[in-house]
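Taking it in order: structure first as structure tokens, then the write-up.
Naming follows writing order (A, B, C, D, E and F), and every chain is counted from residue 1.
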Amino acid sequence: MKIKVSRKASFNAAHRLFRPDWSNEKNDAVFGKCNNPRYHGHNYDLTVSVTGEIDPETGFVMDLKVLKELIKEHVEEALDHKNLNVDVPEFKNLNPTAENIAVVIWDKLRPHIDKKKELEVVLYETPRNFVTYSG
Amino acid sequence: MKIKVSRKASFNAAHRLFRPDWSNEKNDAVFGKCNNPRYHGHNYDLTVSVTGEIDPETGFVMDLKVLKELIKEHVEEALDHKNLNVDVPEFKNLNPTAENIAVVIWDKLRPHIDKKKELEVVLYETPRNFVTYSG
Amino acid sequence: MKIKVSRKASFNAAHRLFRPDWSNEKNDAVFGKCNNPRYHGHNYDLTVSVTGEIDPETGFVMDLKVLKELIKEHVEEALDHKNLNVDVPEFKNLNPTAENIAVVIWDKLRPHIDKKKELEVVLYETPRNFVTYSG
Amino acid sequence: MKIKVSRKASFNAAHRLFRPDWSNEKNDAVFGKCNNPRYHGHNYDLTVSVTGEIDPETGFVMDLKVLKELIKEHVEEALDHKNLNVDVPEFKNLNPTAENIAVVIWDKLRPHIDKKKELEVVLYETPRNFVTYSG
Amino acid sequence: MKIKVSRKASFNAAHRLFRPDWSNEKNDAVFGKCNNPRYHGHNYDLTVSVTGEIDPETGFVMDLKVLKELIKEHVEEALDHKNLNVDVPEFKNLNPTAENIAVVIWDKLRPHIDKKKELEVVLYETPRNFVTYSG
Amino acid sequence: MKIKVSRKASFNAAHRLFRPDWSNEKNDAVFGKCNNPRYHGHNYDLTVSVTGEIDPETGFVMDLKVLKELIKEHVEEALDHKNLNVDVPEFKNLNPTAENIAVVIWDKLRPHIDKKKELEVVLYETPRNFVTYSG
């Protein structure tokens, strides 16, 4: 009798899609205007979900106030108002696509969530583009 | 070849998170401002989903007008404009967390949905906090 | 050359619509299920707008970080997770309709906003019902 | 290590729910006002999701610019500003319920998506009614 | 000390933009794909606002339950699940653009709203296109 | 008998709030994390509104297809996927606050809108922060 609890958050960041080992021409062909070398940016909307049994003591799968603080400490402080390519170590050698950002967020949160519970991350790069990752 | 059909609804209710068998101090420590003994409240947003085969006669998995009426009769009439702790029998001895409310709603609807079909309830307590339950 | 800057916030509260000087029958006739004596509740969504000239130094009409803090201090701390009828002095003798709540919020914020600037409050009681007040 | 990437789109169309082999009375009884013989219509909102491995070269499961173009070519050009019953061959003998429209969209897109990847379609007929189909 | 109270509603309808006194070529040139002679359709979202003084007895500018019923009786029953061009007398000789629909709705509601109060109609034809009319 | 017609659009951009004639300390004190010298970014949501009489020929105040194209040509092509501070000439010596961006957009569009009609720009920097400018 598992249930999924979810918390929404957001952060604003600059990024650029490109591979330093490709030519400008190839980067432009693959990443188009997302390859602007002076960066562009997004309001990223994030939903973090944790699935497990309801604790009969509290009626919670996990206290969402705790989840909110974990997101703040491990995701927002690392990514909010940052240049993902330059300021965030994980993207020094990793292209900050929505897919890769979702995986990085999942990896940052996983150690702080009870191992018996499942973790899912949904990341909106724009209101029309989003990705879902569950490990 | 299954398909999921979903209907959104909402209800407005007061509630308080606490356990009568705990001290005030412990209730405050665990439930914080949600333990206000004079209650607070929410606009709860609900999505009810039913998964099954498409009926080749009608093109429906289930007539959403019927699902809308089931939600109205079994959920909205029981919970809308109510004090969950005081007015709703299911919460006399059950803490009305979002998790427990979702389970109560699922239990209320399950007998009225074709047994061969799956039922899922998503309950938003606020636009940023929500839970998903499938039995 | 005026411009309006707006900041959204929210709070969750219980309330009941009724007049203590009316009979139960009259309260029921006028306020319907909103007169539940054990209260119901809402997620109130708030937009606060300030209109004035752009400061050529900063490019701001008003720093929205400051407006966010004013809303937190004067509105959220007073109303969030509260029973409006019982916990909030302004509603001891005032029916907490959306109209009256918007006026109370406007009155709370007005002293903290530069007098040369206009103030507007939009308050959503539900996603379908809202009020707008400009003093 | 699979991840789901999603793209939203929309189209506006007229339709009517009915079966030509049923009497008017039976069509009215089953489909109600959706059986208006002069049609009614909707803004359909669509989310198309593709699930697969991240390409380590690009950081993409699938380039969402390509998915956007596939939706435009195969769904929007076929359905937008159309009368589904009259203009769209797939519904000549198929009742255009949300369920059937979702299946038609999935069938139109499936041949253009890498076979190793999963495809899911979510179709909103109204903001409160939607269906989800994964083949 | 005026305040504006607003209520949201919606209706789903088919329509076609064209002038019968123009050639097909001119209709196509001006109205494009909106001139499909077999119709297309929309989920129209409506916000109706009434501005006036707060009644000190009730705390209401106008009871939103009453406004909800007026919208249901005079707008939804006239327009929901209809073909605007064919089923709705006001559009027999009037092109059902969003602008004209908003004016028709305003004219339908105005006689039922207290003359001392102002009336405003906002009509969304799609989530990206909308019109605002105040008489 | 004026009516306002509105069209929504969006663009994604990087920016940084700072004044080059101020010290780093003063920029940090006033603009906080928005002064990250390596930039951050936003999905900007834009609503452009034009107010005027309805043309009795077409039923339009202004063809929204034309307004959509004007926004695309004069706003999206200039600002989408750009670094506002570096790529956009108007912000070479102007701090790209939401207020200033709204004024720049208004100034870009005004010459292309019929002089007898009023123009309004609403710009969302985040879902919670937005500005409104009418010249």
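Keep this in mind: contacts are C-beta pairs under 8 Å (C-beta built on N, C-alpha and C of every residue); 3 or more make two chains touch, one makes a residue touch a chain.
Just so you know, these numbers come straight off a predicted model, no measurement behind them.
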Common contacts of chain B and chain E? C, D
Return the chains common to the contact lists of chain D and chain E. none
Looking at where chain B touches chain D, is over half of the residue numbers used by both copies, so same, or under half, so different? different
Taking each chain's centre as the mean of its C-alpha atoms, which one ends up farthest from the centre of chain C? D
Quick one: chain B and chain C, Cα centre-to-centre, how many Å? 28
Sequence positions of chain D contacting 2 or more other chains: 127
In graph terms, with chains as vertices and touches as edges, which category applies: line, ring, star, complete, or other? other
Would you mind giving me the full set of chain pairs in touch? A-B, A-D, A-F, B-C, B-D, C-E, C-F, D-E, E-F
Residue set of chain D touching chain B in the complex reads 17, 19, 30, 32, 94-100, 102-103, 127-133, 135
Listed in rising order, chain E residues that touch chain C in their complex are 1, 3-9, 49, 54, 57-61, 63-65
Can you list the residues on chain E that touch chain D in the complex? 10, 12-15, 33-34, 36, 38-43, 80-83, 86-87, 126-127
